[in-house]
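The letters A, B, C and D name the chains in turn, as written, and every chain counts its residues from 1.
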């Protein structure tokens, strides 16, 4: 298969499909076991310095922020991140010195809120290296290739661009159409956290609303930790099996973390906390501010429930719930009018 | 003359570019404002699609993220990124909005770095869904600021393909036939692309600006349509909808 | 891209991805329109002699049998069928002279009920030609390649087999692993019928339970006719958009056909009618029996509701509903004990 | 000695082959009976998977089809064929059951045609999910009748790969490493495959049959394990479950 072009980006997370099969056969247990544990334990057991990892959700939506704070608290180092649509997550992880390499589809930005001072400062000063570029669909399909047990998936994106030159993709001639086509190598992150609406003790997990790329990421991840708003009885899952997005045999740990996506949005349950986000965006303009934020919200608390108290507790969560249900209008501190 | 700001003008121009009964892939911010405005005026059946999975939502308030719960509120389908991107790859998405830090005469875009890739002067977010939208959707509409540092002869980094090096270059690279940049809308005017050369071409100038303003703020030679028109300013109804209905908090339009 | 091996099967349904894009852009309207029509009209407008087609569902489950009877009634000829897990559908279509070519993953059998006399007789006597072999996953992924707008999808099935030699797939060397890999060409059937639990007038469709390959087939089909147990209000769909499997813009026609999967199973609503199936299996042992069956159940009725009366009407449908809900034990006339 | 029929014996032998906490891809008929029996005895946590999308159902009554509503009744997941086949391709499925009209010494299977492909003497259903299961699952268990027309030196058509032409041949063809046929269970005995040569090897003979019966009904040279054992006949509890609980109507076991 003649290669017309080969990206120079670092090939992170790729496994020969036979190696991947061996991992899945040996490490993913088809035996249903009670996998409930504290997030502290899950981070200790399933994340290692130097790992390449990914997070479920999208941007500020349904991202396991609780896991991120816990990784910072435990002082993980030299992680490489699959920065698909990475926003507050990658920003705070870079700022805290946890992540020093990214494969980048989208980072260093906060969508409507503007650029991320901390992440961008690190990228420009060498604190974090972008070891490969990619696009959002590129990540999606790298995960899908892995989820399907394939070495690659073809795609018509990336072609003709520097995004391709700096990626790990390759261009070949499609033997059916004769046209150039981009092959995206499979991506098996060492670990992934996916935050869900509900799952049972074995890890059978359901997500409401868009699933983004989590069906594929769940199969691609070598180690998968589910954080969940609620652990429910197995029968609740079995009543609506067509709502299950992740079956138990992919899951290594189940951590019940209500509001675990805060300060992000959890569809149907709570909207993003723009006050908190604004605080970070303001503080992170300086290294001192970063330190102040981390001391206040990460190092000075033992776990996520203490953090929730700090950011406003039940009253704040009620407010975010009303915002989500459109019972209150959104006021964004960073917006131009009120 | 109505009093309006440049964001409002750009929203109105972008909105008018969209046709009814077509599908548009939108990002947050100006694109969603423009698409919503179009729905409320001439394109009630414009199908709005978000890359994270939301298809055809009834958007209750402006989403802050391309994936937040407003992007699939009472949607016809809450799908996945794979589903949406596959639909785009299959040719089902007519328009996409893109922004950029740099653009070149062929509509190629840079959203990755200013300066060298390994030690950038400014590190930008990267492709996001930009490369995907610019590769797969039929017509891309670029919304950005116009000045000589942004409208450049040569990009620091080609994140998202426009017409690459000119006629036929997209197809030779393997990109879908018949796709490419369609409009560039800035604070100064509206540009399209010349059919023969695929180079950027001035179509209209916003009220209050001159050809000289455009030239001074463009770092490459811009083709000029024989009869450059003046952009129609925002109409009263457009401004009312923007300010009172679509973005009352001024999250996007300020 | 050097081809190591090339199947000799007929390449049915393949389109260059740019041709496929042009079709989808022009023929699939993003404008929501009321697409309700009679099944008679849908078959007249969207199926043509000589077409290559596929059916949603699986085996005897959620297959649009009503559409099949209507195609027979209208005398369609020379159709080629994507016989994925084709059972009663392909059997009766071959017997009636509608289908004369199949791309075969599974045909000529009735699963637990044994082989299909009619289809098998035709295959052995030349009444139907198998123009390509394939596997079930092979079909699934041919449809998925199309659904993704790709020329092909890679897979690790089919390798080393005659199934590959007689298919339209090709084997190349994977440029990442260096191992041989099978490329399945995209498959865009000229038309497909998919039977669903509910959809709105525009075609936004929801399916309960397993979706088999219908999410992909819906995007792959050049013309898509939805038959549905019920047409519901648009708001009913928009209340649960994460249940939507097929969005309106893929759909060409919406036909409300209650019990449209009879004599097959519609999950949650009615079980398969084994009495009727046994009647067909018995009659179809001879050409006379085939003619008798078709006269009785297809040609002598105007539409599917008349057919439903003939097979037992409301009483029969109630019985099948109770079977489905496990309120009655199954008695299969073809089973060994009673 | 208990009174039992050959289907019951095969169901029991197949059932005992399955381990607890593993995943098995099953077809309708004997496989589902065997897997359900295993769940009720030594393998309560056997994960049963159906190719059409049902994963881990609580099967209320024997499904007639691999996709009918019983195959995802109170399942952990009602997915799609893509999902299940992808999981198998990813190495997550331990066992699969297959049937066949012909088998050769390397465990290659024919379910497509007897006679030439273009004008078959007997047209069979084709691969179905057979090729997929035989390619992707770790260990395949073949359930079939044994006689000289079925156990042949050369297949009329190789539908599903066994060990192809011998050691290393699967891997050279690109099939997943470490996979292949594991057991062949017939009305006469149980066969496995020799590790070195990958040829079929007799492991045990069912009660009442002799080595001579096996040889007479095998159209190729069968390797014989040094100590061929006698298959353990169905136990009382197994027969009770089969007849009273799993298949009271005799849909499969007769």
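Convention: contacts are C-beta pairs under 8 Å (C-beta built on N, C-alpha and C of every residue); 3 or more make two chains touch, one makes a residue touch a chain.
Because the structure is predicted, anything quoted here is derived from the model rather than measured.
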At what distance in angstrom does the C-alpha mean of chain D lie from that of chain C? 27
Distance from chain D to chain A - Cα centre to Cα centre, in angstrom: 41
Give me the residues of chain D that touch two or more other chains. 72, 78-79, 89, 136, 176
Please set out, as single numbers or ranges, the residues of chain A touching at least two other chains. 17-18, 149-150, 155-156, 179, 181, 209-211, 215, 241-242
Counting only chain pairs that touch, give me the topology of the graph as line, ring, star, complete or other. other
So the complete set of touching chain pairs is A-B, A-C, A-D, B-C, C-D
Can you name the residues of chain B that touch chain C in the complex? 20-23, 45, 47, 55-58, 72, 74-79, 83, 86-92, 94, 136, 138, 176-178
Note which residues of chain A are touching chain C in the complex, please. 1-3, 14, 16-18, 149-156, 170, 172-177, 179, 181, 183, 185-186, 208-211, 241-242
Please give the residue numbers of chain B that touch chain A in the complex, ascending. 28-29, 51-54, 60-61, 64-69, 71-72, 78-82, 85, 89, 112, 117, 119-132, 135-136, 157-161, 164, 169-170, 172-176, 248-254
Taking the complex as given, what residues does chain A use to touch chain B? 57-61, 83, 85, 87, 104-109, 111-113, 115, 120, 123-124, 126, 130, 133-138, 140-141, 144, 155-163, 166, 171, 179-182, 209-216, 265, 267-268, 271-272, 274, 324, 326, 329-332, 335-338
In the complex, chain C residues that touch chain B: 17-18, 20-25, 28-32, 146-150, 202, 204, 215, 219, 235, 237-239, 241-242, 244, 247-249
